[in-house]
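Everything below concerns the one structure shown next.
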């Protein structure tokens, strides 16, 4: 296994300079996530408009390259999508990482598919899967308006 | 090792029909002893007269053949002796059992020496040593007027 | 079931005691271990050792996975709903203390009642006694009859509106009584009282199905189930484990730690503080596989046969008296011989290579009830044979000879 | 001291990780085990297994004697007054909980203060936190300076008439700080405050003399001292162990049990309820013999050399920052690399067969103090060599390459 499959350039890029970092204005939903094993922490802010589209989604947090990159890529992929589509993308992603299924969604363009696939290297590193999934679980939590912090020890 | 060295006839005899069993009248000292591992229990009653001679010594209790016989033999050996002699016999006995030393006392007659030596087989059975020593520790405790129950876990 | 094949899996049975082949009849105390368990232990330490959960290097990942595999095996073995309901402890005693302490903290007030039975091992009494000392709780003992069966009607009568928990053994380590747990849980359920089952003796010998029993807690010791020492198991319904406060505090059981506040990990990690008996937990998986490879029904059948054989033979020996005659009896046979103290029996049969236990077997309440200060106990494991029983009986005859009984 | 001879005693070092020889630098987490320990474990289970203390047959007598021999060895190893001052637990975490819980019961009231430090492992904080929750105690943290040394003058200032106990680590598992315990005990002694020392990290690496330190309690984990998992040790001055109430309740720790009253065994049995990790305790004796066969002074010298070598080499790598620079440092080296998260470091060096740990190492308070969320940690055992350090450094260079750092 080449480490470069895990640490692809896209990952390093997003890890170093994450997109949509910070607290967005007028967010309508939020949730926190925590990976106790690693100490990764993430706070997702989601702004849905009246048509239930993802107007904006941003995050704050600390963590390893995988976790930051995964969060950054997630925000890019769901931003501008309808809520339903966003949910489908999350499910697709989790299925890919945890059940090694293919990405089925028709809602991603080629560039976006490359981005999401760049995270698939993590499948070879079981202890790092939680780093990759934390943000996505946290987004789901924000959508569902859950009060409790997401904890990957419980979820995964 | 022949079991008959442990269970000599003298032991069986004393085990079955212990001497000086019961609570003697007008005892001046008493003490309780307990062997938590086995559950053996003994209560020694000692009557010293004004000249500090052992006027009487009796016991109550339950236990295995070794423990009952040892107690019974002890009462026979110290009865009628001066307190100082009684103490010496106790030390002699414990030294024999625990440090495999010879019986030094000149205060025992031949018959008594045979009796005390009949307990020496126990040296080959480490888990049974406490059964043999319980009564003797308890007598010491009675002599010293100790309030606490003798506990072979602590003593031996 | 081929008993020779089973026995051959236990290396200790090639050993001699005082020149005689070992006849091990002390399995209720602790069982011997099959080769597969010992190989697992040794292999893990020699080839794969690492602490679990905390590091993320390859050794740690592998160890963590194997540790969790044992949890899953136990879940299946006792038919729990989820592997999160399985907590590792150091022994069943700690498992029971965990429940008594955490349950007691929030659910026991002065005057509240805890219902146990006269059959209980000290490990299922002392932890509750602490709540008597610290909280002013009241402990009630459901009585047994002379056969060694719990009198269920009396147990029922002892339940009041103040009864907060019932703690009862599944299988007595003195009389071999198999307790009708399902019946007791049904009674408790009607009054909404949780039930803790001490499954120390049952786990190796009868089928356990916590879903069917519907009990709230179930405590097991690995070392009695052909596993290593140092590992205990607590099954707890998830709703309980989530609700109860943490027990031992330290590394691995926390979520976030600040100078003024601590939050805890979710179950089962919440109850697994500090470095666990990693290698031993991993090896315990082989114990379960060993039991499953024989099949619990075959184990029950073999042990039942052997128990009946032993009871018949022992009853024929003059002055031997079997303690208890429960409706449903497992391979735990306590007895006394008029004129010979149990410790003397143990010493004498030991000369023939026979290992039995003598004493109160951590059941002083029961011995008081039976008016005995001590009993001798022969307890059966899956590896025992009729020859073992024959040798035991001959050794007992020898006790009578040494003591010159007629 | 022949390092090759030492390394050859650890079978795991013949193994490969991802095709590379194992470079094990996670000994602060748990150490590897020498052959003699594994042989003892295996031998006992295969040839001599029995539970201790309770039965009186030959196997039980032998097991009990060997178990007690380990107690005596530990007594000598840490220079205790009596073997009754040595209690076996499941891990150091339990040892500390035992003290916090039993000491707390009778000696801590609302408003009383417990003094710990910013260096403490969660296992030496959470148990005391419980007393905050249940008793309203106050926990104070003696601060450290940026080097990772406890500021003794500040610690002194934090002591008040309400300070009931001081709990402090002997050796930090993050910065490698060796804490001047003797100095702290002297301060405490003047005010009659007992001191508990968390000796988890010190036991394998520096000379321990509890008589000289004059501390009241000392907690150790066998698995960090080249011993099996599942065994912890608590040293306690006899007067304390005798005075404090019992902890876990059950078989083996009682004297007499009645329906209305229970009396307890004397120490150390009072604190050893239920079946203990018999085989593991017995095998731990070999760990002590292993350490003694090398000699603690030789171990200290070797590890000091290696630590200095590692520090020098690591400091030369661009953007590596060592955490803490204590006056007296053992072989625990935590570091960060600007631009690479510790978990990424661990994953990448693992590809080279290098096992290190990444995270907060159960020291969130310390990490908060240092403004870090995680660090990477290389920790040294007696079996490590300069080559191990060289491979580590090369693997770290590779991290920089993967992350394309300049």
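Each chain carries a letter (A, B, C and D) given by its place in the written order, and its residues are counted from 1.
We adopt the following convention: a contact is a pair of C-beta atoms (placed from the backbone, for glycine too) under 8 Å apart; a residue touches a chain by one contact, two chains touch by 3 or more.
The model shown is predicted, which means the values in this text are computed figures rather than measured ones.
Chemist: Could you tell me which chain lies farthest from chain D when each chain's centre is the average position of its Cα atoms?
Modeler: Centre of mass proxy via C-alpha means gives B as farthest from chain D.
Chemist: Between chain A and chain D, tell me the centre distance in angstrom, where each centre is the average of that chain's C-alpha atoms.
Modeler: Once rounded, the distance between the two centres reads 38 Å.
Chemist: Roughly how far is chain C from chain D, going centre to centre by Cα mean, in whole Å?
Modeler: Here chain C and chain D have centroids separated by 31 Å.
Chemist: Calculate how many whole Å lie between the centre of chain A and the centre of chain B, each centre taken as the average of the chain's C-alpha atoms.
Modeler: Chain centroid spacing, chain A to chain B, equals 79 Å.
Chemist: Could you state the distance in Å from the CA-based centre of chain B to that of chain D?
Modeler: That pair's centroid distance is 47 Å.
Chemist: Would you please write down the residue numbers of chain D that are in contact with two or more other chains?
Modeler: 54, 56, 60, 254, 256, 343, 347, 358-359
Chemist: Listing for chain B: what residues touch at least two other chains?
Modeler: Where chain B meets two or more other chains at a single residue, that happens at 37-38, 127-128.
Chemist: Quick check of your reading of the touch definition: is the inter-chain graph here a line, ring, star, complete or other?
Modeler: If you draw each chain as a dot and join those that touch, the picture is no line, ring, star or complete graph.
Chemist: For this entry, which pairs of chains touch?
Modeler: A-C, A-D, B-C, B-D, C-D
Chemist: What residues of chain B sit close enough to touch chain D in their complex?
Modeler: 34, 36-38, 126-128, 151, 153-154
Chemist: Show which residues of chain D lie in contact with chain C when the two form their complex.
Modeler: 11-12, 15, 17-18, 22, 24, 26, 29-30, 32-33, 38, 41-42, 45-51, 54-60, 90-94, 96-97, 105, 121-127, 129-130, 134, 139, 141, 221, 223-224, 228-232, 248-254, 256-259, 262, 273-280, 343, 346-347, 349-350, 354-359, 361-362, 364-365, 368
Chemist: In the complex of these two chains, what residues of chain C are touching chain B?
Modeler: On the chain C side, the touching residues are 339-344, 347-348, 351, 358-360, 373-374, 402-404.
Chemist: Chain C touches which residues of chain B in the complex?
Modeler: Interface residues on chain B, with respect to chain C: 1, 3-4, 6-7, 12, 16, 37-41, 62-66, 125, 127-128, 131.
Chemist: If we count contacts the way the header does, which residues on chain C are in touch with chain A in the complex?
Modeler: 53-54, 56, 60-61, 64-65, 254-256, 265-266, 269
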